[in-house]
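Residue numbering begins at 1 within each chain, and the chains themselves are lettered A, B and C in the order written.
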Amino acid sequence: MAIDMIERRGKLIPGATGDWEVIIGLEVHAQVASNAKLFSGASAAYGGDPNAHVSLVDAAMPGMLPVINRFCVEQAIRTGLGLKAKINLLSRFDRKNYFYPDLPAGYQISQYQHPIVGEGEVEVDLDDGGSVPVRIERIHLEQDAGKSIHDMDPDFTFVDLNRAGVALMEIVSKPDLRSSEEAAAYLKKLRAILRALGTCDGNMDEGSLRADVNVSVRRPGGELGTRCEIKNVNSMRYVAMAVEYEARRQIGVIEDGGRIRQETRLFDVKTGETRSMRSKEDAHDYRYFPDPDLLPLVLDPAWVKEIEASLPELPDARKQRLIAEYGLSSYDASVLVADGERTAFFEAVARGRDPKLSVNWVTQDFFGALNKAGLELARSKVDAAKLGGLIDLISDGTISGRIAKDVFERMFETGDAPGDIVAREGLRQVTDLTAIEQVIDAVMAANPDKVAEVREKPKAFGWWVGQVMKASGGKANPNAVNELLRKKLQID
Amino acid sequence: MTESRTAGLLGHTLAGALDGLKAKRFSATELTRAYIQAVEEARALNAFVLETPDKALAQAADADKRYAQGAPRPLDGAPLGVKDLFCTEGVRSTACSNILGNFIPTYESTVTAHLWRDGAVMLGKLNMDEFAMGSSNETSCFGPVINPWRRKGSAKALTPGGSSGGSASAVAADLCLAATATDTGGSIRQPAAFTGTVGVKPTYGRCSRWGVVAFASSLDQAGPIAKTVEDAAILLQSMAGHDPKDSTSLPIKTPDFRAACARSVKGLTIGVPKEYRAPGMPPEIEKLWAQGIAWLQDAGAAIKDISLPHTKYALPCYYIVAPAEASSNLARYDGMRFGHRAQGRDLVETYERSRGEGFGAEVKRRILIGTYVLSAGYYDAYYLRAQKVRTRIAEDFRAAFEDVDAILTPTAPSAAFGLGEKAGDPVQMYLNDIFTVTANLAGLPGISVPSAVDAQGLPLGLQVIGRALDEETLFAVAAALERAAGFSAKPTKWWS
Amino acid sequence: MSVIDKSTVRRVARLARIAVPEEHLEPLAQELSGIMAWIVQLEEVDVAGVEPMTSAVDVSLPLRADNVTDGGDPERVLCNAPRAEDGFFVVPKVVE
């Protein structure tokens, strides 16, 4: 196959003999969020007693036949549309033949020659606020394998087929990634899109999303090197670590005069290293051929249109809209669009309120508190109406920003309405000028030396504001305090 | 029960037996007992690999109850044999391979489930070539089936053909009223021709493949072997029908096949393909074919010479497509979840030994051929090319069926041959299917009708191939041939 | 096309996970070569522009609803296993 890649200079890795460029492509396996498996009626739920979610089809009993799950097909189409990819109205299923105890039929049903989804694109957001386009080669539907457990017996492997036959979407990128950071950012973006689409829950701990990482190195702009495939890496951090390790390993081998062998490797999370997989050594002749138990998958264009019309707003569009509608910074918008729930929360808060104030309260105070408490948004006692109410109290001068922080802390703990907290605890801001004047007089009477000092050194003015606010229990209106203090201390 | 009463019970056709049961001339239990005894007495034929008399009697008792209540089902109380390729719940199913060992399915194939739904009685599981790979029944792990027919004045054991040899022998020897069988390249029609029985391979997709051990998925079809065309129609009626568990099962209604047997062939055009005149074909078969043409003409059909130019490539095409699919279909027999597991030093050796020991020579040969033609670098030259040739073969038929309603050919290039006579050369053995394999490749229905005995006293069959889904015309033409041929010869009962 | 030699039989048998004793390789190679020599007549057929036929029925793939209708009975899938323990299939040690 001809290598189709974009020439783009990424981060270079210095070696002993000069700089190297790393070329990365990802094959991401995303589990379809379906009730039943791709070709059988057994449950696709995570967990369960061993072999409890297994039908006779999944166990490849003699004479068993596959029948495809319509919902899984729909999710592949939805995902394709979400990645701005071509939907192939005619696709086929092929058998990939190899022997392994967690592959009961001796073949995996996959789509080799005619995948359901063709080329697409993902805009990957980088930490520096920039972005790079990464092209999608294809998406196909295929079966997951079962689970082999090696540590239950020294001489035997135990096999659980609960995962066998669960529907996966394999999303294959072109080799457009140029650094470990980009690879991780790509996976992060893909996850956000899948979650927004609802086609995959993106739960990486449960293996719902995992990546095969193809890595090769070359001299900047030079001829492509031999690639190695690192199997089943299941977090963004591990993807970055695996790329980092593998690139340096390959550079080391080449600089020592060696050659890279095309192979499948395993990422060891304990050591952070990759190593060759023995079990895959002679598995390279998969003898793909069209599965004669299945017929061509022909999609009705009207169905595809219907799915397209039902697509939710996706992260990129959402981000652009947030920037345009609310005047948010690219960074704030990125933080919000990572998750549909968060966007919705922000928009509910910002409706009819100051967007800048809203975004600060939502992303910094509220998300910060959620993070600190390790709480999911949906389980927080503070809803958008309450947080919005708090912002209203600041805007209409009822409380100061400073007091608002305390009120928020209470709200977060108890779920009480901000107005109730303010009333109950007497936190209403004092705007009565005579009351503030009395406080100022008292502070001045107690600190005659400081009165003289501030006239010499205007920088000491901050201390005065602090003292007055403190004496008022934080309730004095800061603007009024400022104005009256200047008058009384005779500074301008 | 007297000897003659038993013999009388065994002489019935399926239609006749169902009439007798309905008229209460005998009970299902009586009929079943007679067949159980016949099966026991005929073990020399090696047609049954597992007898299930208890199950049969229980099913017969249920049938008798329904007759007593006046609510019988279509096949109530009819004792049948089941090819061991069909998985039967709680009853050992082996595909006649050591690799399945003592496999006892926890499920019932759709086709056999239809039979039990309709009240049929299971006498047991029938011998066959291992995984249905063979044309002489000699590859079975239980040893070959013996054809009840012998050459005049000879006691030499002949093959009943294959792979459904047990089904054909059992029906020919009156060990059951009819039997299920399967046909991937001719495995129903060739044994039917070798044993003087009727065999039908329906249109691909007519019968569900669910629960039938797969050989070559795009070619396999279940069908009946029976004593008469009408019996075959009755049995197929029950076996057929859409099954949502098989993605290749056709979502269509099953027509009234039995009624179609009574249709006239007047006005039909029958095609005679010149390519089926195989070099070295015995003159008697040539003669029978001409006779068949004359019979149909007499019955009012028009005859038309046609050409199916890619016929000679059908068999080599089949020997790429079928082994390729088989090599993958049989990968599940790995000793991990069921069946035979050999001792090995490690996983790979366990796989290799289990499969090396479990599969017989012919199955291994075909797995190796299939693996080879799919392997890297050969796929395009062999598998892809074969699939294109298959398209050509199907196009030949499509063109022919624009001018004709059915096609008449011999079923097999010879009569039954002796055991061991063709065992040395695989290709010679493969040539048995030369006239039948085209229908499998094109997915068309075909039927073999016993039409004559040759000079040695062995039966010969004629084949009718129909349009896809037009089994009705197939049954009409076959019934016309059957009436004209008046075939009534029976093998001499030498086995008990 | 190529004739099948001993090393090809060894490679293919390995792919198919079938033990073939060394002394059987040569006879098997000849047997398979004989079959392939007969099969190569397919090269005579003009297949230019011909679509491969992958199924014998002319309908599209039927789709089923996403309902859980099966599973939940481990014994049903384990009962024929040469070896099973604690609900698992037990197989020779797999080295990854």
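The working rule: a residue touches a chain if its C-beta (ideal position, glycine included) is under 8 Å from a C-beta of that chain, and two chains touch if they have at least 3 such contacts.
Given the structure is predicted, the values throughout are model-derived calculations rather than measurements.
Asker: Can you check which chain pair, A-C or A-B, has more C-beta pairs in contact?
Answerer: When the contacts at A-C and A-B are counted, A-C has more.
Asker: Grab the C-alpha centre of each chain and report whichever is closest to the global C-alpha centre.
Answerer: C
Asker: Taking the mean of the CA coordinates per chain, how far is subunit B from subunit C in Å?
Answerer: 24
Asker: Between subunit A and subunit C, what is the separation of their C-alpha centroids in Å?
Answerer: 41
Asker: Determine the centre-to-centre distance between subunit A and subunit B, using the mean Cα coordinates as centres, and give it in whole Å.
Answerer: Taking the average C-alpha coordinate of subunit A and of subunit B, the gap between them is 58 Å.
Asker: Which residues does subunit A have that touch at least 2 chains other than itself?
Answerer: Residue numbers touching two or more other chains: 56, 59, 61, 67-68, 99, 101, 157, 159, 285, 287, 292, 294-295.
Asker: Multi-chain contacts in subunit C: which residues touch at least two other chains?
Answerer: 14-15, 17, 54-55, 57, 59, 61-62, 64, 76-78, 83, 89, 91-95
Asker: Which residues belonging to subunit B are in contact with no fewer than two other chains?
Answerer: 103, 106, 218, 244, 247-248, 327, 331, 334, 336-338, 347, 351, 371, 375
Asker: Which bits of subunit C are touching subunit A when the two form their complex?
Answerer: On the subunit C side, the touching residues are 14-15, 17, 54-55, 57, 59-72, 74, 76-78, 83, 85-96.
Asker: With touch defined as at the start, can you tell me which subunit A residues reach subunit C in the complex?
Answerer: My answer: residues 34-36, 40-43, 49-59, 61, 67-73, 92, 99-101, 148-150, 152-161, 266, 277-279, 282, 285, 287, 290, 292, 294-298.
Asker: Please output the residues of subunit B touching subunit C within their complex, sorted ascending.
Answerer: So the residues of subunit B touching subunit C come out as 103-104, 106, 204-205, 218-219, 244, 247-248, 250-251, 310, 312-313, 316-317, 319-320, 327, 331, 334-341, 344, 346-353, 355-357, 359, 364-365, 367-369, 371-372, 375, 378, 381-382, 384-392, 394, 425-427, 440-443.
Asker: Mind listing the subunit C positions that touch subunit B in their complex?
Answerer: Those in contact with subunit B are residues 1, 4, 8-9, 11-20, 28, 31-32, 34-36, 38-45, 47, 50-57, 59, 61-62, 64, 76-83, 89, 91-95.
Asker: Under the definition above, what is the set of subunit B residues touching subunit A in their complex?
Answerer: Of all residues in subunit B, those touching subunit A are 86-87, 93, 95, 100, 103, 105-107, 109, 209-214, 216-218, 244-248, 324-325, 327-328, 331-332, 334, 336-338, 347, 351, 371, 374-376, 379, 383.
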